[in-house]
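Just so it is clear, A, B and C label the chains in written order, and each chain counts residues from 1 on its own.
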Amino acid sequence: MPILQGEGVTKYFGGLAAVSHVDFHVDQGEIAGMIGPNGAGKTTLFNLISGALVLKSGVIRFKGEKITGLKPHQICRMGVARTFQSIKVFANMPVLENVLLGSLFGTPTGMSSADAAREATGLLEFLGLSAVRATPAKDLTLANQKRLEVARALATKPELLLLDELMAGLNPTETAQAMELVTRIRDKGITIFMIEHVMKAIMGVCDRIVVLHHGEKIAEGTPQEIATSKTVIEVYLGE
Amino acid sequence: MDIARVTSKKSFLLGLLGLILVLLATLPLYAAGYTPILMTSIFVYIILSVSWTLFSGPTGYMSLATAAFFGIGIYTAAILGKSVPLPIFIVAGGLASFIIALLVGALTLRLRGIYFAIFTFGLVMLIPQLLVFWELHIAGIRGRFVTVIHYNTIYYAMLGIFVVLMLAAYFIKRSKFGLALQSIGENEEAAAHTGINVTMVKVITFAVSAFFIVAAGATIATRWTYIDPYIAFNPLFSFMPVLMAIFGGMGQLYGPVIGAVIFAYLQEKLITQFPELYMLIFGVVLVAAILYMPNGLVGLVQKLWKRSSGGQHANTSR
Amino acid sequence: MMVTILDIVIGGLLMGGIYALIAMGLSLQYGVARVLNIAHGEFIMLGAFATWALYTAFGINPLISLVIVGPLIFIIGFLLHRTLFRSLLKSSPSLPAFEGSSLLATFGLLYIIQNIAIIIWSSASRGYTYLASPVNLWGAVFAANRLVTLGFAVGIGLAFYIFLARTRLGKAIRAAAQDPATAGLMGVNINQVLALCFGLGAVMAGFAGVLLSMCFPIQATMGLGYTIIAIIVVVLGGLGSIPGSFIGGFMLGIIGSVVTYIEPSLTVAAFYFIFILLLLVRPKGIMGK
């Protein structure tokens, strides 16, 4: 059974269909990717999954349970975590506290403050942020801020992690590190669904890719299938 | 950082606070007459500004309901004061507004910031209108008389409320709840996605702040002897705490305290002889503070301190 | 019966005209310049007192005062924006932050302007009579000055609507209201437009003040009440919609007239009640985007 499933997902902004009758699924343990030109509706779809936006019609299920209509904090506690395209760290709070919040509030079952602190410290190590644990988040480099968002998301002990353009703005070295991080997270047993523009990353790391265009799903398949699909090439070259 | 220095700094501060508390507690014994009355007024403004900052500071939602809750407190004293002793009607009023604030908060804290501000201000204007109607047509009275209580009792009550508020604010700030509150102010959407029930946190904080505002109103009412809806619900009590908090600086707990002390003192000196001048100064300072001191007096002092001590400090974590 | 209905409706339209004017002014200031001007009513008060002063000291016809007071208030509003609000805009990290700090700044302005007025003119009521002769409309009787007020309010409103819709400057303003960044890219001097809109908004208030002074007594403290009504109308008509404010003003005027007929002491309460209901049920208002 897919860990995440969407049927007929639709969202309008005013008269415009941002997402239109999209069916999608993500299988447990895989790294699924979502690509598409700008404005295709990718982040909107993530917002619909995480509860940040309410959908017009359709249904989204996580582990078989309907999550449409739930609030973001409820969906988070059920095991879905995400990062944001425009970085949303807690700017004036130290790095450790950013992650600590995830451990304290986002996990499916509660945790004592001591355990939460331990978890948070461990995550900082996992992501290579131990050195900057006391630095206010706003003073971090872009790459580190992205790592911080991932650490915070992981602190909520998710089973599914939504990554929104993790590689955007990173140089080639950082991109390679990010790709490796994604694989390491999957190896921990967390399913990943990622939006990306950096083709090399998506093709190299994903098991399956979904392509959106003007709010509709136009293709779906393995990286090879997508790379050779006439529809996809037209969409990207024709833009 | 030297452990010995940290602990001795902490004990020094605690000792200082303890001394101040003792001085305040014994005030009526050595400074009779006018001083407790002045101090009571100052405490009222401290309570209003700190309560306001408690909610509006971390969440970034500007509440203008302070005058509404203050007025509710005053009216509770007027209505219950004849039959019930001071501590009870303070708590009664406080609990009632806690519930009202929960309701109001739940209804309106999902609105955009500016709508919330307008809505809360609307309450300040609406409630007295309803009360006038009630008093005119149903209760058949014009204004109310409040049972008078000795000014020393009022002083101690206000001091008590002040101390409880400061303790509450301090412990909230250091608690899990306070951390969540701070994160909401930093980025509400991210906080929600980190598992925090932002609406609940906002509403509870709003209600806690309302409790103290009402308590202050109920206590001070006994000094005014005669009240009517327009006296009790004065928009000034919504704007002043905001000015005091901004002027003092909303980053720390003591910022609003400083702002409140300065302006309450100024008010006492000017309000009888030059009320318009006082409010004019108030307006000018408010505009100047917003323009030039967005972090308030505390922020300004911190900036100057950093600059004068060479800028580089060891990175001491909280 | 018919006379009573006429009384209520026309009476409502008369106040509605004023409400429409002040609401359009506030809508301009908030919709384009993003300043929720709590001191809006103080410009009404200034317009009213200027007219009263000119009439009682020099015998100048209030309708002529429109032409004198208008530009003066425009300059005040324009300069205020260029100095105070432009500075705030630069130092604010985000739009909500700017909205919050500009709101507070206008509180400050409210206290400054109102108390200067009280110091100069005291808080006593002032007034004068002009065109007070009664006019009979199918049995309902109104003072001529109120009908003139209505005429001017509608006239100014329509003129303004045409200005927005047909002139180049008007279109620039509408563009700036929709999308300041893009408008800037397309050659619209955004800073000028913002200051202009703020000034124009103040002028609307000033005009309302001139007209009000003709019909009612005035006080230095009269402003805040009208500001609240302007806010209510703006929310009713839809935040950011000038036609919405125009229509909303007349709607609120008629509602007010009806409530006053039933129970005068509940009129203001009724306004607030509608307002609170709107915020909870349909914050977008009638024509809001």
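Couple of notes before you dig in:
Heads up, the rule we're going with is that a residue touches a chain if its C-beta (ideal position, glycine included) is under 8 Å from a C-beta of that chain, and two chains touch if they have at least 3 such contacts.
Quick caveat, the model's predicted, so the values are computed rather than measured.
Chain centre most remote from that of chain C: A (centre = mean of CA atoms). Compare each chain's C-alpha centroid with the centroid of every protein C-alpha atom shown, and the nearest one belongs to B.
Centre to centre, using the average C-alpha position, chain A and chain B are separated by 41 Å. Centroids built from CA atoms put chain C at 48 Å from chain A.
Centres computed as Cα averages put chain B at a distance of 33 Å from chain C.
Chain B meets chain A in the complex at residues 176, 179-180, 182-183, 186-187, 189-198, 315, 317-318.
The residues of chain A lying in touch with chain B in their complex are 50, 52, 71-73, 76-77, 81-82, 84, 88-94, 97, 100-102, 104-107, 113, 133-135, 152, 155-156. Looking at the complex, you find that chain C touches chain B at residues 36, 84, 87-88, 91, 96, 99-101, 103-105, 107-116, 118-119, 224, 228, 231, 235, 263, 265-266, 268-269, 272-273, 275-276, 279-280, 283.
By the touch criterion stated above, chain B contacts chain C in their complex at residues 60, 62, 107-108, 111-115, 117-119, 122-123, 125-126, 129-130, 132-133, 136-137, 235, 239, 242-243, 246, 276-277, 279-280, 282-287, 290-291, 294.
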